[in-house]
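Structures given as structure tokens follow.
Heads up, the next two complexes both have subunit A, just with different partners, subunit B and then subunit C.
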Partner chain A sequence: MGFDLSFALSTVPTILGAIGTTLLVALISCLGAAGIGFGFEMLRRSGGLSGYAVRFLIDFIRATPVLAWLYFLYFVLPFYGIRLGALTVGILGLSVYFSGYLAEVFKAGIDAIPKGQSEASRAVGLSRIDTIIFIIAPQMLRNIAAPLGNYFVSILKATPYLAVLAVPEMLGQAFDIASDTYRYAEPLTVAGILFLLLALAISQAVKRVETRLLGSNRR
Partner chain B sequence: MSIFDIWLGILQGLDVTATVTGYGLLFAVPFALIFGVAQYLAKGAVLFAVTCIIEFWRSSAVIILLFVFYYALPVVGLMLSAVTVSAMVLGLNIGGYASQAVRAGLQSLDRGQKEAGQALGLSRSMILLLIELPQALVAMSPTFVNHFIQLVKATALVSLVTLTDMTFRAKEIAQIEYNPVGIYTSLLLAYFVVCYPIAILGRLLEARISSGRELARGL
Partner chain C sequence: MREQSPDMATEISGLNKWYGSFHVLKDIDLTVAAGSRIVICGPSGSGKSTLIRCINGLETYQGGSIALGGVKLGDNAKETTLARRDTGMVFQSFNLFPHLTVLSNCTLALRRVLKMSRRQAEDIALHYLEKVRIPEQAKKYPAQLSGGQQQRVAIARALCLSPRLMLFDEPTSALDPEMIKEVLDVMVSLASEGMTMLCVTHEMGFAREVADQVIFMDQGRIVEQARPDIFFGAPSHARAQQFLEKILH
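Coming up: the complex of A and B.
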């Protein structure tokens, strides 16, 4: 059984068709991870018991594999009566897993802002929430643009994990073809090549956006 | 089955997790050193070739790479065991990331280090071995610890290519016993128990290196 090139080429359109799902999963997971990660970081900063709990949770997430998280959510949520589709569970899994990393990004982004900024806004009478929204967040966004872009690429590279939950992203589609035809090498190689090209293109695009964003902000 | 039995069952997979991690290092460490140094020293076409190889291993998704090599290598006549393929793919993927740390560590050294070596009459390879690499590797050691944790976590993937690691054991237990909460919580905890001490070690290293740096500056 050699490598059948014409069969391989025939799988290209199907796998290519899943790029939309792959990108959508990556985008929503990145937003989800950023949201949870920002929440974690705010709780961690508030100190107290919840601060310590969140600190432990972040360490815990960073010390456990994304695959184990996907299985955990996929099998444990239904046990408590929460029935979600595989796609939703997958996005939730990636969001939770990467939130542990994004919390650190937010931490670095906030630490880089001079303390006088929040002190000044408190002094002019802004509330704590207003200080976060109007003073801290805009400055933080500029600081985190570059690492956030890198994590978007990391999340994109983690989307094929969703194939283990049978989500039809690129790798999932390749496995669908493989189980229909009993030929694994061709669809998987095609998925590998197409995904590599996609990841390279996206990481180049992210780099460009970064240089433009940061270039316009630097004096 | 008590939670204790579940734990014992999952820990039976620890030897496979450790084996794949160990063999993975055999690929990762040489790759990171050779290609990191090559990217630092090479110019022109060689630099381009080296960069292409590094980018191939770190730009794609590791789960796709694993499946492509697992299913496609036998088709082109290369029969490797699942352990070898897994160790190679996971190792070279992490090695690709670590090579960037090696290169960045070398590039961030003060130029005076190299010039002093030249002034003492050392050859280029001696400067690299005796002066540049030791400093770069020590400075980057916390990053290497992080990559090592990523490697341990990535071994969860080998459960998908029939190897009986901790994740595989957990899924096996899940087939004979309906206790998703106990089983998958134990799985996450098992990885945490393995990875967290390593993360602590990395933090200690980092604290030690940064305090050493301040000392050097103070003097």
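Coming up: the complex of A and C.
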């Protein structure tokens, strides 16, 4: 039984139909992970008790498998009366899990900014928040565009974990077809190619943003 | 431009600062009268930068007091912030914001702190960029400018907020020799317009020309304070003599 091209093509619409879910999960998880990770890093920098707590939390997150987060949020939280939908849990789980890594990336990006930048910002009277928004964050993003893009691709590649919650993302759909038809090669190949294309598109987009950032920021 | 009146003086009295157990500023008393121009010199590590960083709040201190225009720093958070807004700072390493154009470097604080409209802020910024003789570079990024040009932008950025006191920390010592003059020229014309200036520099020609007081610091103390003709003619302190000999070759 060889690779049946016409069967493969016939699976494309179903699998492609799930691309919306995959992209939605990936996109919101990227934003969520970046937001939580940046918040973690700011708290860590502020020192004090919350700084220590966040330090511990980041280490804890990085030491747990992503599946553990998904199971915990989906099966354990309802036990405490918090019932979330599968899609929400999936997005939340990926966001929390990757926020631990992104916090480290943000840290490196901020550490690379000369101390004189925040001093000059304070000297012209900008508030702490304005200094973060207008001085630190833009320079940080320029410093970390490449690793940040890599993590966004990693988040995309982690979306199939949501299959354990029966969220209809691309790989899950492919697997459903496979178990219905007992033909694995075709649907899984199609899903693989679609993931590859998405990942390439994201890396290209990141590269563009990176050159634009660097282009206007020559030091 | 705001009027300079005597009560706008900066008063530093009994200032003491420690870094851990290291006593970096010792009993500093200094009055910077409105309109005066004071040059601070002294060997490396004597506390010159630390002193002016205390004045604009980049460093904390443990003893004594600093009052800007009658407002004692630290008494009231809101007043302190407002008083600090009256000081402009120029750093040795320029510290321009590399991701913003020259114009945006100058307008950012006007827009965010003083809540001005873009047009209003740009008008003010261009006015000061003209003053430092660099208006044609407004759309460029800092990295596209020479060191001397960058430092002049940094001066314009500080001037935009109409400070009553300008603080300079070795503004020319990171510059190539051929660029020092263009920056000093701008500072001389600022002085001639009556700006109050406190300037750490080893440019003794500048000190002779514009300073009405020269301060010599050593090991955290103000060792000597005198008019430039007296300071350069016959410094009374041995450490100052040695320092001058070294610096004037």
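By our rule, the second predicted complex is superposed on the first by the 168 of 219 C-alpha atoms of A that agree within 3 Å, B and C clash if a C-alpha of one lies under 4 Å from a C-alpha of the other, contacts with A are read in each partner's own complex, and residues count from 1 in each chain.
Here is the rule we use: a contact is a pair of C-beta atoms (placed from the backbone, for glycine too) under 8 Å apart; a residue touches a chain by one contact, two chains touch by 3 or more.
Owing to the predicted nature of the structure, the values given are computational and were not obtained by experimental measurement.
Colleague: Based on the superposed arrangement, let me know which partner A:L200 touches: subunit B (first), subunit C (second), both, or neither?
Modeller: First partner only.
Colleague: Looking at subunit A, does subunit C or subunit B touch more of its residues?
Modeller: Counting residues of subunit A touched by each partner, the higher count goes to B.
Colleague: With the two structures laid over each other on chain A, which partner does A:F7 touch: subunit B (first), subunit C (second), both, or neither?
Modeller: Touch status of A:F7: no partner.
Colleague: A:R122 contacts which: subunit B (first), subunit C (second), both, neither?
Modeller: A:R122 contacts subunit C only, not subunit B.
Colleague: Applying the document's contact rule, which stretches of subunit C touch subunit A when the two form their complex?
Modeller: 56-58, 81, 84-85, 87-89, 91, 93, 95-99, 108-109, 112-113, 141-144, 154, 157-158, 161
Colleague: Okay, in this complex, where on subunit B does subunit A touch?
Modeller: Going through subunit B, the ones touching subunit A are 55-56, 59-65, 67-68, 71-72, 74-76, 149, 153-157, 159-160, 167, 170-171, 174, 180-181, 183-185, 187-188, 191-192, 194-196, 199.
Colleague: Any idea which subunit A residues touch subunit C in the complex?
Modeller: 114, 116-117, 119-127, 130, 134-135, 138-139, 142, 216-219
Colleague: Which part of subunit A faces subunit B closely enough to touch in the complex?
Modeller: It comes out as residues 1-3, 59-60, 62-69, 71-72, 75-76, 78-79, 157-161, 163-164, 170-171, 178, 184-185, 188-189, 191-192, 195-196, 199-200, 203.
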